[in-house]
């Protein structure tokens, strides 16, 4: 139900998504940020592909079963730096949403992503992943072909990938479907992006017994960039212009480019054994608990 | 009359508590028989839930299991409150109810003489959900196996990630898999035993990453929930969908092993580790 | 058509397959050997699994799509030596032939085989592969899921597998479908087994324009163990008892066991870098040509 | 009359030779236009066959290609005879007809300034079949790339293994893949370009093992033959079965690139090799 709800928002191109008045200078609620993160005019992966990167060469296929259009990847250049870029692509209109399954990948999508990461390792290219998905596709065939296995394998292999990895959440970071391409040395979020273990609607349905409590769930889940930086889950926030990234495509592209180039330079200077050790330490330190 | 009625109620409850009703075939089984049969239905082979310590007793040679990292327990780092109250209170209630302090017990011991590290999940504790403490224990046990260079076995039983810890819970998938990745690199066996149920974020992390993925019969194993999928595709799913048998057929499980054969099976496959 | 023809032979349990008189002490024609290699009573992989190996633990699945019963594999012990055993399993009666698709594997079969070989490498176990297939399954779905890719990948990965590999052809060594699990440090054949780039029927259909010239094609193809030893494609022949392996299950089991144990001991004594170098040299030297 | 008739016949043949008929859309195209368009149909984009040297001229910077291992040629080691005569005679006839001595040309050169080793198959020579000499050249070129640590590109055009060399031909699949395995280990790029047709044992060995698998539009790429499959499953196959476009959809091809864009594309992707 979680996914279904978020889709409804995503597909209603014509709905207004008007936030209550101007958000400028005001502290937005978690739920308001959820709505911005799903705004139908919000720039998606293919926008950044054109505004931030050049020389994109798309590479297709998982070499097992298919070519999942919900995840797009290939060679690209950013500020003179050559990288492997991989991201969820929701598409920009209803037709594209359907073609790209709203950015909800199937096993063949995750397996394509992993193949390209391994190719990046062979070519010695840093990997940039762009996260924007309501979640992995919850379908019969996806389960049959190993949705869980494909995500698990990506997470495991990314932990040991011998090139720098930067993960940028540009919209929705939906649970395992996001993490399946999200194990980066740096995790960066746009200021109105979200990253959550479950959609607010899904969480509300389970814990509040009604999806209409999604705003409460959104608040409780600490899914905003600001909260996640506080909890040391992410490393950096890119401030969005005006009322959100959708209000100024150029400015957000500039900010994204600046951040990626800076981080690529920093990470590329680190010897690979130290990089891998740091990555292991980074994920080892995730979470809070008592004892020990 | 009041006294009489009360006595009957008590008697009924007493009788009830002596019988276990099989969740699959609905047979009533004497509690003692149920227990002696390792919580497995003698009529339909349904594998009922068992506690982590019960499983440890079944798998490890008597007196060889040393628990490790036992002091780790959850904290309510987000101040999470839902309809039923705070996560903080839930933690305390679950500790009290189960007598354990996290959804997994970790340690090392011997299986028919072969040393192994194990993490054994316990569904009674917050539905076996993967929280920060759970992930920490599973990683620490992996690190112990890594340092000692001995095989690592995780027995999963989990509803998935622990919502009340938000993304901190999601990140436990990456944290535990980082431990598995190090074992892979050092060619140390990692065996995943999937028991009923293993779903969501646990399936999508370490539980699917075994060099061998073993399952108990009939265990439900999946990523997305059955109801969510039915809503998405708009049709009923087959009965055996997401069962161990279904996953075996689809290539994700090496072998289905009954509870009573599990110890022998594990020591048999571990005997093939030749480093 | 090649496969179809050989299937007809395989499935006709009741057909006599009587060879022209006794073969004892007589030089058999290539075509007579083809017929023995496909004899319905000829021992198959599951027979050797019980007569030569002990402690078999079958492992299932490719972790991508399915569990192909045309290829069976798992841990097993032979003469006290622990190995990973992988082989085509045709089955022993019509029901089993159908269940196991006559030993014609699909991509998921080859991918399972590769997974088990990689597992053997992790566990440091030698690999024994048992070859007995008319060929890889020529079906629509098999092509769709990458029949060619799965065989190609196995061949490539086997060339670099860091444990000893022995390949034993017990019946039909059918082209790429055989080679997909056949890149061994030692290639051994039973004396009435065949190994061919194409089935004699298929070759005859193409080059003689009629499958009835299969006996001529069989002769021309040099597909017998004796010819292949001569051409230095294989390393050893295990002599079959009496009129063929089907006439004495015990004797052939003894001979197979003796050969495998001997070769396993020899190969296990070789350091892995030298083993890999020898394997590379072995396959580099395959074939005959002019110049250079 | 006889003279007159002969003159007409000659004229007809002359005209015929000035036109090329597209195998796909059946259009007639002026030979010069066909040639200038790189043997690609200007109406339907059908990519016709080209010779190995023509392809080398299209891909490599002028004057940079040095042919290697050119002296290797087939021998009839089995004494293979079929209905149409001996393999030995076929070899000689094919050498004469094509002017080359094996089904592949190997060498090194520069692609927009980037050094690369290439093996370019030629369908005219015994249908581009993979014989011992073919395999030897493809392996030698791989070894050259391995030693020089420069990328390796194979352009395939082949009906599969060369039957007339029996299992020696089959073993070329293992031999060539052993070369690819060494490149993999050293992280040297291997790019496979699949052109029409690439089938059988070539597809089931190096041609599918590219770090990138690139194809020309419409190329037929498959393992089993269309007819064999139709006989096995007892139904007609879809029209686009085993085309490059079909394989892209099924996940086995990275990109479909037209002949005129191929040089630029290859230099572009090679520019991403960062070791």
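For reference, chains read A, B, C and D in written order, and residue numbers begin at 1 within each chain.
The working rule: contacts are C-beta pairs under 8 Å (C-beta built on N, C-alpha and C of every residue); 3 or more make two chains touch, one makes a residue touch a chain.
Everything numeric in this text was worked out from a predicted model, so none of it was measured.
A.B. asks: Could you see whether A-D or C-D has the larger number of C-beta contact pairs?
C.D. replies: Between A-D and C-D, the larger count of C-beta pairs in contact belongs to C-D.
A.B. asks: Where the centres are mean C-alpha positions, what is the separation of chain B from chain C, in Å?
C.D. replies: Their C-alpha centroids are separated by 41 Å.
A.B. asks: Measuring centre to centre with CA averages, how many angstrom lie between chain C and chain D?
C.D. replies: Chain C and chain D have C-alpha centres separated by 30 Å.
A.B. asks: Taking the mean of the CA coordinates per chain, how far is chain B from chain D in Å?
C.D. replies: So the centroids are 54 Å from each other.
A.B. asks: Counting only residues that touch at least 2 other chains, which ones in chain C make the list?
C.D. replies: If we look for residues of chain C contacting two or more partner chains, we find 63-65, 145-146, 149.
A.B. asks: For chain D, write out the residues touching at least two other chains, lowest number first.
C.D. replies: If we look for residues of chain D contacting two or more partner chains, we find 184, 250-252.
A.B. asks: Graph of touching chains, which shape: line, ring, star, complete, other?
C.D. replies: The chain contacts form none of line, ring, star or complete graph.
A.B. asks: By the touch definition up top, name every chain pair that qualifies.
C.D. replies: Every touching chain pair, ordered by label, is A-B, A-C, A-D, B-C, C-D.
A.B. asks: Given the complex with chain C, which residues does chain B contribute to the contact?
C.D. replies: Result: residues 184, 187, 189, 211-212, 248-255, 265, 268-269, 271-275 of chain B touch chain C.
A.B. asks: Would you mind writing out the residues of chain C in touch with chain D in their complex?
C.D. replies: Spelled out, the residues of chain C in touch with chain D are 1-4, 136-140, 142-149, 151-153, 155-157, 159-160, 173, 175-176, 179-180, 182-183, 195-198, 203, 206-209, 213, 216-217, 220-223, 228, 231, 233, 279-280, 283-284, 286-292.
A.B. asks: Which stretch or stretches of chain C touch chain A in the complex?
C.D. replies: On the chain C side, the touching residues are 63-65, 107, 111, 145-146, 149.
A.B. asks: Using the touch definition from the top, list the residues of chain B that touch chain A in their complex.
C.D. replies: Contact set of chain B toward chain A: 69, 71-75, 77-78, 80-84, 101, 131-133, 135-136, 139-140, 161-163, 165-175, 177-178, 180-182, 184-185, 200-201, 203-209, 221-225, 227-229, 231-233, 237, 241-242, 250-252.
A.B. asks: Which residues of chain A touch chain D once you look at their complex with the stated criterion?
C.D. replies: For chain A paired with chain D, touching residues are 55, 57-67, 75, 82, 108, 112, 119, 121-125.
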